[in-house]
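Look for chain A in each of the two complexes below; its partner is chain B in the first and chain C in the second.
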Partner chain A sequence: MNRQTTALFNQKKIRRRRNWLLLIGGILVGAAIVLALVGLVYVPHNPVLMHPPDRGLGPTSTYLLGTDQFGRDILSRIMRGASSALLVGLIAVGIGLSVGVPLGTLAGFVGQWTDEIIMRVMDALFAFPAILLAIAIVGMLGPGLGNTMIAIGIAYVPIFARLARAGVLSQKSSVYVEAAQSIGCSTARLLWKHILPNSLSPLIVQATITFGGAILAEAALSYLGLGVQPPEPSWGQMLNDAANYLSVAPWLAVFPGVMISLAVLGFNLLGDGLRDQLDPQRRTRAA
Partner chain B sequence: MPYILRRLVSLGISLWLISILTFFIIHVVPGDPAMLILGTEASPTMLSQTRAALGLDRPLPEQYLTWLAGALRGDLGQSLRYRLPVSQLLVERLPVTVSLATLAMLLAIIIAIPWGIAAAIKEHSGFDFATLVLSQVGVALPAFWIGVLLMLFLAVQLRLFPTSGFVPWHKDPLMAWRSLTLPAIALGLPQIAVLVRLVRGSMLDELSKNHIATARAKGLPERIVVVRHALKGALIPTITMIGLQLGFLLGGSLIIEQVFALPGLGQLVVFAIYNRDIPLVQGLTMFIAALVIVVNFIVDLTYTFLDPRLSLWK
Partner chain C sequence: MYNRKLALFIASTVFVTLVATGCAPAPTLVPPTQPPAATKPLATVVPTAVPPAGPARGGTLTIAIAADPDGLDPHKTVAAATFQITRNIYDTLVQTDEKSNLLPDLATKWESTSDGLKWTFTLREGVKFHNGRAMTSDDVKFSFERLIAKETASPRAADYANIKSITAPDAKTVVFELNKPQANFLSNLVYGWAAIVPKESVATLRDKPVGTGPFKIVEWVKNSNVTLEKNSDYFIQGAPYLDKVVFKVAKDPTARLAALRAGEVDVIPEMPVQDLANIRKDPNFKTIEVPFNGIQLIPINNKAAPFDNVKVRQALNYAVDKKAVIDTAQFGIGVPIGTHLAPVSDYYVDLTTKYPYDPSKAKQLLADAGFPNGFSTTMILPQPYDYHIRNGQVVVDMLAKAGIKVTLQTMEWGTYLTQVYNGRQYTLTALGHTGRLDPDAFMNRYISTAPENYMNYNNPKYDQLAAQAAVEPDVKKRHDLYAQMETLLADDAAAIYLLAPTSTVVTQKSVMGWTVFPIDIYDMRTVWKSAGK
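Our next item is the complex of A and B:
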């Protein structure tokens, strides 16, 4: 095999793996979305109603994943928990994008002092471990689903601001931008119609991966009792409950953790798959 | 301006911005510390007296400057619940968190670097594929869930480790070691996954460079080529990542400390949040963010040892 064919063969090989990432990620994310949507309209049992006679049961035909210390159906609680997890991901990423992208775009496009000030603040915000920032914000705002979304969203602002700025900087000096400017295109139109669409791919990829991160953060906050409040179920809170019953009902600790991991894995794979799909020049080697 | 001076100025600015952000985050949020101390039954006069005693009746910029001046002297104020200086609580709790984070990071480094190198050398093999799959799965696992599972199997069922609590190093080093082992594994596993991917990627990049081809053409043994030539270049991104991961480690330890009931900074933060102990939340948040920035500053300086083109004084 000569060098060229080897290179071509390797590229084909890489291509094939890329599609796998997208496919598996897509299936996992799709399954999580279906579970969350179904959980909103139908659950096998009431997820918050306590039923003491059935407490601490292992998986049975009535309760497919068993019951918790109050006799509540684990499957139903996991389904309802999926809705909160995905909702937190959606809103938190939405906040991160809608605050971070305009800030980063402004910094990158205007440059000079505006850039310095915005980006130094973003860097400082980035120095706070995301989960610490989220804990501090939610602690001050008060626990609950809504405040969890806001807190995680704020923690993600600097990530999107940095990416948007990098995108604008790389596009700003392109010939097509100069061309648009020379025919009198307004700044707003230039940013919205030309620069932003061309720097969108890294943002889409990051948003997907951050979605998984938000699910992890929500689970952590709920584990600490700061996220979704009982009796509404959430995966993190279910794990916290399970930790108290490890010796008598170990299965309680298994299912919520598996769900968190699968959902996060799904979004990470989807993000990696999308990255390869949207930017074929990038080698998948550098992870 | 020499590199080290530039970095020092930027470190100073970052620390100052962190102090503003910390103060801002805590103070824009509604809540009255005076009512927290006295309870909801307190009379308005008592409330205003307490506010005055805590300095809360003064304008925000003045409050900030007073706090900053104290912080610069190492005085982060007084905890409302413990009635002790925040800095004293911090010093008491810090060793647990630092030991936990250091052990987790060491574990990750010891396992991830050789693993990543091996995967890069055997690119496209079954081992390499398994590495990629495992690292993807590892990144997705929540550290606190790993903690709960480890506790279930190794502490509750096999009784090899204590389920919770901590004995200080100076009292019983062996017991301290045992109580930190499971938390460090839980915290370290996701870090292993992140680092393995990075080391593998950077090694592959390095191995495809010209200087490696030259080294091989000179007839150097493969072991020397990999360890002395490729690894040195691959270490720069790895060390950067280790620095960046410190934030995640400290964040992760906040949760892991809850899982294993370890008396570290994480437990203190959660306690402070639950009790709305504002000076404590403020001091801890500021301290942890400053720690992350200072460690990353040190990481930046280590590049000068790895890359001969960089110098501290140029």
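Our next item is the complex of A and C:
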């Protein structure tokens, strides 16, 4: 956000805009979560069982979003696909956070050779586009939902490591850290109780945005046939199948495509909203 | 425009056969010749009068192809994309018509000794390479020696390993001597990789091909197009009709279809089955649907438990409704098969009634084999071949109803070739095979020692029959041997033989004379564009 532009707005406008982002993002993300949760307990039709007599139908009252080339209900498959999409986001971001943050914190706090070694490895990982790295890892581990999560998670480790390191570096030299050290606070306690909480907000923002990225990455991997394996549904895989029928059954591509867009948009808006909300400078200015 | 004098000239020098394709008469060009001594009479070659509305001359034909050729040197690749194009640049000694009849091409006649060990070919006179030099028997000798030579590293060299020597007693005679009789020797001379090339150009053939064919190379822009122009010195006078042929690479089927609708391309030689229903209804286009010389199947690893038990394999066959697979996975296009051969082959025996769809019989056989509650296994599907993946998914859905739970795993094609096809590490998969003129290309993979026997089929009786068939010169006896082999495969349920697909060519209304061959070539000699469009 351009500071000069922001300064032109009055404070009320800033606050309203911030609410909008959070609100829309929250609604979209909430809807995706509800869809995924409902999909786990109830779907209108069996999402994996073929029903050839009804194949290739457009939206009807029985099949609200139509059926695919095997007569499977698109709505049911989208609902079931939502849970794998969210699960991938959750686990991949979890891996990225739980590996990246300790590494980054360690690098930032210890410095010197430890910092050099950890961050050069991270740079090497970062040099690859995340999706390319994920493809390479899935290529080694073999396709499947579990390996997809691991691959995307590993690809996201350097993002969180860099962010955590930057947070630690900026806090390390601050007065309150020196004060804590001077009264004999242990390193572990210092990191856990003082430095980490103060560098948490950029991590939360990044995690939210990365969550959207992970959904997109899963869709991309499944599109390439490396992610969720048939007949289990995934949005990316549905999109891949649909590409073959674009001229005869466009709805096959439209609905999973819309779902991916909305979910990723939701997480990005939520991330932006959270950043505005959590940014201490902006918060004081708005208050 | 159409020139009557010229047409009479063509008709007097060339045998023109009318073949009914679509609504307009399409000419089939066959070079002037005496019937060859050692083959069956050429019933299809009948001189006829000039067609009432003859072919128009000139114009450019644009063909949308799915893959860039893997070089244009015919001796150095196996890529179908190469031979589809090079048929128009190079010629072979013998050619095939759409019914698998062998016809003269660069050789006007041939004969073999009664023991089948010595073949003598008489070459056509007055044939010139695109560089202006006359083609002689030395070029034929050179071309085959290059094809066989280790340094060339031709992937097809093994097919010609039985050739003991090649001699050129005079400029228009070539003699092949064989180590042992070989039933498919003559049909092996038809394929694109047996093309005759000029010695002086071989270093640059990959990018600048030089042949004797009806078209000359203009340019090959990698991953974009291959452009050919008419060879006015071609040995069949009056052929070809077109001035220019452009092979345009368009990897995405949706993009190919869009280009056809926009009029940017004239022909899509391989239309995906899912788009065909709409195209058939469209009055702007013409579709040509011909049974394809290929099959699609669910290969079984005959060595992997529990599939080493013939009852289990038979149970799989009873559990699959082939008609429903065609309807669901192939949009109703294709015909069911019962063995490893395409129905277009005249060696094909109909065994489709052997395993009628019968889930209860399947369950019974599984119980007999010791699996009253079924079992679990995996099927590997080759990415990105959507039609094989669909076959696999539908079959797995059917197997589930018989109590066999199959987990699917898609695998990228390179890995698939290493692990499944060459490594034989799999239990079930979904795949297709294309044939050649002789049935041995299909059937030899079941010989227990064959390197491409990825199904691990092993039946000593089959090995013995195949060895006999390879050298049997009598066509009738060969038919009988292959019929026995086909029946063995069906009895042993070596695989689930699903279907033979259909070749579907879609063209603009103006395109005439397109022919589909039993081997993978696009022959532009008979194609022309009607005026007005």
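Just so we're on the same page, the second predicted complex is superposed on the first by the 271 of 287 C-alpha atoms of A that agree within 3 Å, B and C clash if a C-alpha of one lies under 4 Å from a C-alpha of the other, contacts with A are read in each partner's own complex, and residues count from 1 in each chain.
Please note the rule applied: a contact is a pair of C-beta atoms (placed from the backbone, for glycine too) under 8 Å apart; a residue touches a chain by one contact, two chains touch by 3 or more.
Nothing here was measured: the structure is a model prediction, and the numbers come from that model.
Trainee: Judging by the criteria at the top, classify the pair chain B and chain C on chain A as clash or fit.
Mentor: clash
Trainee: When the two structures are overlaid on chain A, which partner does A:Q69 contact: first (chain B), second (chain C), both, or neither?
Mentor: Touch partner of A:Q69: chain C, not chain B.
Trainee: Who does A:L265 touch here: chain B (first), chain C (second), both, or neither?
Mentor: first
Trainee: Under the stated touch criterion, name the partner, chain B or chain C, that contacts more residues in chain A.
Mentor: B
Trainee: Could you tell me if A:L49 is touching chain B, chain C, both of them or neither one (first, second, both, neither)?
Mentor: second
Trainee: Just chain B (first), just chain C (second), both, or neither: which does A:L40 touch?
Mentor: Neither chain B nor chain C is touched by A:L40.
Trainee: Per the contact definition in the header, classify A:A179: touching chain B only (first), chain C only (second), both, or neither.
Mentor: After superposing on A, A:A179 lies clear of both chain B and chain C.
Trainee: Now for A:A127: first (chain B), second (chain C), both, or neither, which partner does it touch?
Mentor: Only chain B is touched by A:A127; chain C is not.
Trainee: Once the shared chain is lined up, is A:Y245 touching chain B (first), chain C (second), both, or neither of them?
Mentor: It touches chain C, and chain B stays clear.
Trainee: So, does A:P231 touch the first partner chain B, the second partner chain C, both, or neither?
Mentor: So A:P231 only meets chain C here.
Trainee: Could you give the residue numbers on chain A that contact chain B in one complex and chain C in the other?
Mentor: In the superposed arrangement, which is not itself an observed complex, chain A uses residues 139, 224, 226, 243, 246-247 for both chain B and chain C.
Trainee: Inside the complex, what are the residues of chain B that reach chain A?
Mentor: It comes out as residues 13-14, 17-18, 20-21, 25-26, 29, 31, 124, 135-137, 139-142, 144-145, 148-149, 151-152, 156-157, 197-198, 200-202, 204-205, 247-248, 250-252, 254-255, 258-259, 269-270, 272-274, 276, 281, 285, 288-290, 292-293, 296.
Trainee: Which of the residues in chain C come into contact with chain A in the complex?
Mentor: 253-254, 257, 272, 274-275, 277-278, 324, 327-328, 381, 383-384, 386, 389-390, 393-394, 396-397, 407-412, 415
Trainee: Given the complex with chain B, which residues does chain A contribute to the contact?
Mentor: 13, 120-121, 123-125, 127-133, 135-141, 212, 216, 219-220, 223-224, 226, 239, 242-243, 246-247, 250, 253-254, 256-257, 260-262, 264-265, 268-269, 272, 285-287
Trainee: Please output the residues of chain A touching chain C within their complex, sorted ascending.
Mentor: The touching residues are 49-50, 52, 55, 69-71, 139, 142-144, 224-226, 229-231, 241, 243-248.
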